[in-house]
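First comes the structure, then the notes that go with it.
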Amino acid sequence: MSTNQSAANHRFGDTIPPLLYEISRSGRRAVRLPESDVPSTRLPAELLRDDHDELRLPEVSEQDVVRHFTRLSHANMAIDTTFYPLGSCTMKYNPKVNEAVASHSGFASHHPLATTDDSQGSLAVMYRLQHMLAEIAGFSQVSLQPAAGAQGELTGILMIRAYHESRGDTRRRKILVPDSAHGTNPATVTMAGYEAVEIPSDAEGNVDLGALREACGDDVAGLMITNPNTAGLFERNIEAVVDAVHGCGGLVYGDGANFNAILGIVRPGDLGIDVMHFNLHKTFSTPHGGGGPGAGPVGANETLADFLPGPIVGMSQPSPDASDDGSDDSRYEFVSPAQSIGRLRSFHGNFGMLLRAYAYILLHGADGLRAISENAVINANYLRHLTRDVFPAKFDRTCMHEFVSVGSRYEGVSTMDIAKRLLDYGYHAPTVYFPLIVKDALMVEPTESENRETLELFAEALALVAREAGNDPDLLHEAPLTTPRRRLDEVAAVRNLVLRYEPV
Amino acid sequence: MTFDANVRYQDSHEWARKDGDLVVVGISDYAQDSLGDVVYVELPETGTSKAKTEAFGVVESVKAASDVYMPVSGEIVEVNGELEENPATVNESPFEAGWLVKIKPSDPAEIDGLMDAAAYEEFTKGLDD
Amino acid sequence: MAYIGNTDDDRSIMLKAMGLEQMDDLFGDIPGDKRYPGLDLPSARSELELLRETDELGRRNGSNGAVKSFVGAGAYDHFIPSVVPFLSGRGEYATAYTPYQAEASQGTVQTIFEYQSMMADLLGMDVVNASHYDGATAVAEAAIMAVRCTRDRDSVVLSGTLHPEYLEVAATYLRPQGIAMNIVGRPAGSGESGPDLETLEQQIDESTACVIVQNPDFLGRLHDLRGFAERVHARGALLVLHVDPIATALLSSPGAMGADIVTGEGQSLGIPLSFGGPYLGLFAARKKLVRKMPGRLAGQTVDAEGNRGFVLTLNTREQHIRREKATSNICTNQGLMALRAAIYLASMGPEGLKEVANLSYQKAHYAAALLDKLDGCSVNLGDETTFFKEFVLHVPIAAETLVTRCRAMGVVPGLPLSRYYPGRPQELLVAVTETSSRADIEELASVVLEVIQSAKSEVKA
């Protein structure tokens, strides 16, 4: 195993540095702290680390740290460097003004337990964001507390559970989940103490209405539905689906993962969805951050609003001249919904993410939001059109913000091979092997921030890869050839688990 | 693809073979091939009793985790401890060294209700579409 | 539109290529009567207008330099070296996603591996994930994991001196899963100090999967945990320790104390206060428990040419594969926050981190000594002998009043404990870190004194 630590293989453009531990030298350091300026108090020796428990961390200079993480950053593909059509993840451009707003010291340095008087700026942002999200999705109230989409899902199902229990209805133990759903949906159902029941999809990629109606009964607490669904398709029968579940006394949870397709186009609340989470890192451009942090506010209609997790922000003194321009002098404070399911995390939610989403919505306004979805949808359809010969979409119908093809249509070449080869052409790969309803799926989501030329170039790259798949499958098995590391052995990683640095 | 004629199969891809009073159980060559490189096998404690079609363990590759189900009802009397160190044995020798558990069947006749190799091969053909 | 790539021409060309006439042709699947609802939202702002408005809102918060705050209670004002925001702000990190394609994401995966390594060393544990939202959810997931690890045990014992919000979050998570919570010795009344370790130990029965203890506890006090893990294990339960990562630089590591699962709030490690989030839930376990652990894990491997690289591993524990049988529904890693913590730990190094811990300890003790001397004030440690960077101060007037009056003089002297324990109206939780100078601390004491004295003279008058 090589870690590239000799002059002979030191190259410009080698983006993978040794581990910090491997360049550590005793006595080096990056940060100096002030000397203590207070009288000394003895630390109780019996509570301290002993010689067998010495603190080991890398010892490096500030320049070492900067070079390390700067070089390493070059080993990432990212929205800021390349087209990143990772389906279901909405890898749209993140406006930089969001970061400027979030790093304002008035927000960034503000303690979560500061007094209400001292927190009026943050509370105003939260109050307004609650209202804006409720308006955009058609709900009566929003809680900003959930820290991520998955936590938003848990929130929604716990609210449904609390609703049934508040009515003394404890027979309902099942949550219906379409087989096209994200894995988080059934996992959430289990965490909420319910049983997940899978509902099949029909030949057009929609929920199989007959199977759904059959599954509906007085033991069903609700349905989790993603619309547009994970195949990028709008549920044509959405109103019938909702009616079927409501008809048996269940409630409908909307997974907002794909909300980017329908801003200003249709409101989930208007379609009868009772409760839904928003993925601020998808739809509202907060950074994906290599996997997080996200934020997963939850909106609910009248039926469920009282069960939202608290605290939420209320207005205790409406200003007579309250306006939307940030200059009102209303007073805001935290309140708890009447039958709240309780707290999902400490403090008040991922405020830094909420602030970025607030900025993003203000940058767009109503027309701008609709334009986002229109462009996300036209881009996906145009790309679907451009790739129709080499990777035709599984469902031959107008898609929403993404579409799903089959990646294994060339003999001897897998979806994974196609994905890896795309990396060589400088593109991040689409999502692979999801959704599960399409075998060997290749799921492409271009987002609204890409322009036509980018889509056309990417379609060309897909055509080139398809040609290679036909002519030279071995080339694809070898791919990627040009990335900082060649194909990585996932089997070896599990069979010989190394989850932390160990000195040789 | 091997369809060992000396064992019986059920549709969740486990095989069962009589071994004296016991029934030896593993997963089929077809199952190990579709799963890919096996990296972990989770097996029950000996002494536990389970009914036919109840899950008794998990066989994992890097991309999938498959529950494995009892082909016959009975008590688990022995598990293949080798697999903890070398789970790849399930890939290399699914019908011999890669066996999973030995069961003391509560109804010795139950095994006869399983598919024979020809029927199972036919069954797997229907799955590949 | 600033953030949309296409021009009107582009859209016409694309529609034409697809044989469509207008944008609306793309939305035929959406019920016509519900289409284009028209949203009542503020008008679109330019970047300049937005910055002006948000600056005004930011200024409305009283967190500008003129106010010195001694509030902690789970979120602390520790120094953040300049390299942390500088490096973590890079778009290559911020605008990448979960490293599903490891070959195009080594920056993120190697960073997570390095975070796991440093955090494992700090905590004295084998395996660390980078997935949890905050300390509270890490505690809740640790309890669920403990139940998964111990067959047939489905209840947990929690010390009453865990952060009250963590107990609330644990209830939200555990109740629906049928996991019983035994919260022992909530210090709800004036001067109460919560359970001692012996009391916690005695609560363990054959249904107890784990005991969860916070150290330093919510009231700031340090517990002598030597031998406790052995006593918990002897009763068949696991020990979950929730720690302050800064304190851990000096104190015996949770691993050395025999903990099976360790959680913590990572905000102190280079993450801004930001009104409560995003933060970072620390989560570590013994290697033998790794398959029961939730969250993403980065592991070392080799590429096709034999070079070292890193991938997400043990994925079969997770929701995208195991679905309803997953160890958790958690989907993200807390990547950007773990990156900040990794940069912070590397920049501090072992000596720097110990200095941060020591300075916080020294300054907190100096503050406690000054405040304890004030008329009518006393530091209350209950049964314990010492604290780390935070302590309870009994004050002679309502703590709420004291805070309001001190705030008017530019100091927030701490958090009234009545926020969490209404039965403790005259106690303040005071936190001090290395960011406070001696002058800040002396000002704190003089402002508190002045407010107390003027309150007394009001009573006399």
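Per-chain numbering from 1; labels A, B and C assigned in written order.
FYI, a contact is a pair of C-beta atoms (placed from the backbone, for glycine too) under 8 Å apart; a residue touches a chain by one contact, two chains touch by 3 or more.
Computed from a predicted model, the values in this text were never measured in an experiment.
Of the two interfaces, A-C and A-B, the higher number of touching C-beta pairs belongs to A-C.
Centrality annotation: A (chain centre taken as mean Cα position, compared with the mean over all protein Cα atoms). Centre to centre, using the average C-alpha position, chain B and chain C are separated by 45 Å. Look at where the CA atoms of chain A average out and do the same for chain C: the two points lie 20 Å apart. Rounded to a whole number, the gap between the C-alpha centres of chain A and chain B is 38 angstrom.
In chain C, the positions touching at least two other chains are 313, 321-322, 325. Shared interface positions of chain A, i.e. residues touching 2 or more other chains, are given as 490, 493-494. Contact with two or more other chains is made by residues 40, 61-63 of chain B.
Note for the complex: chain A touches chain B at residues 433, 490-491, 493-495. For chain B in complex with chain A, the residues that touch the partner chain are 37, 39-40, 61-63, 87-88.
On chain C, the positions that touch chain B within their shared complex are 291, 313, 315-316, 321-322, 325.
For chain B in complex with chain C, the touching residues are 40, 42, 60-65.
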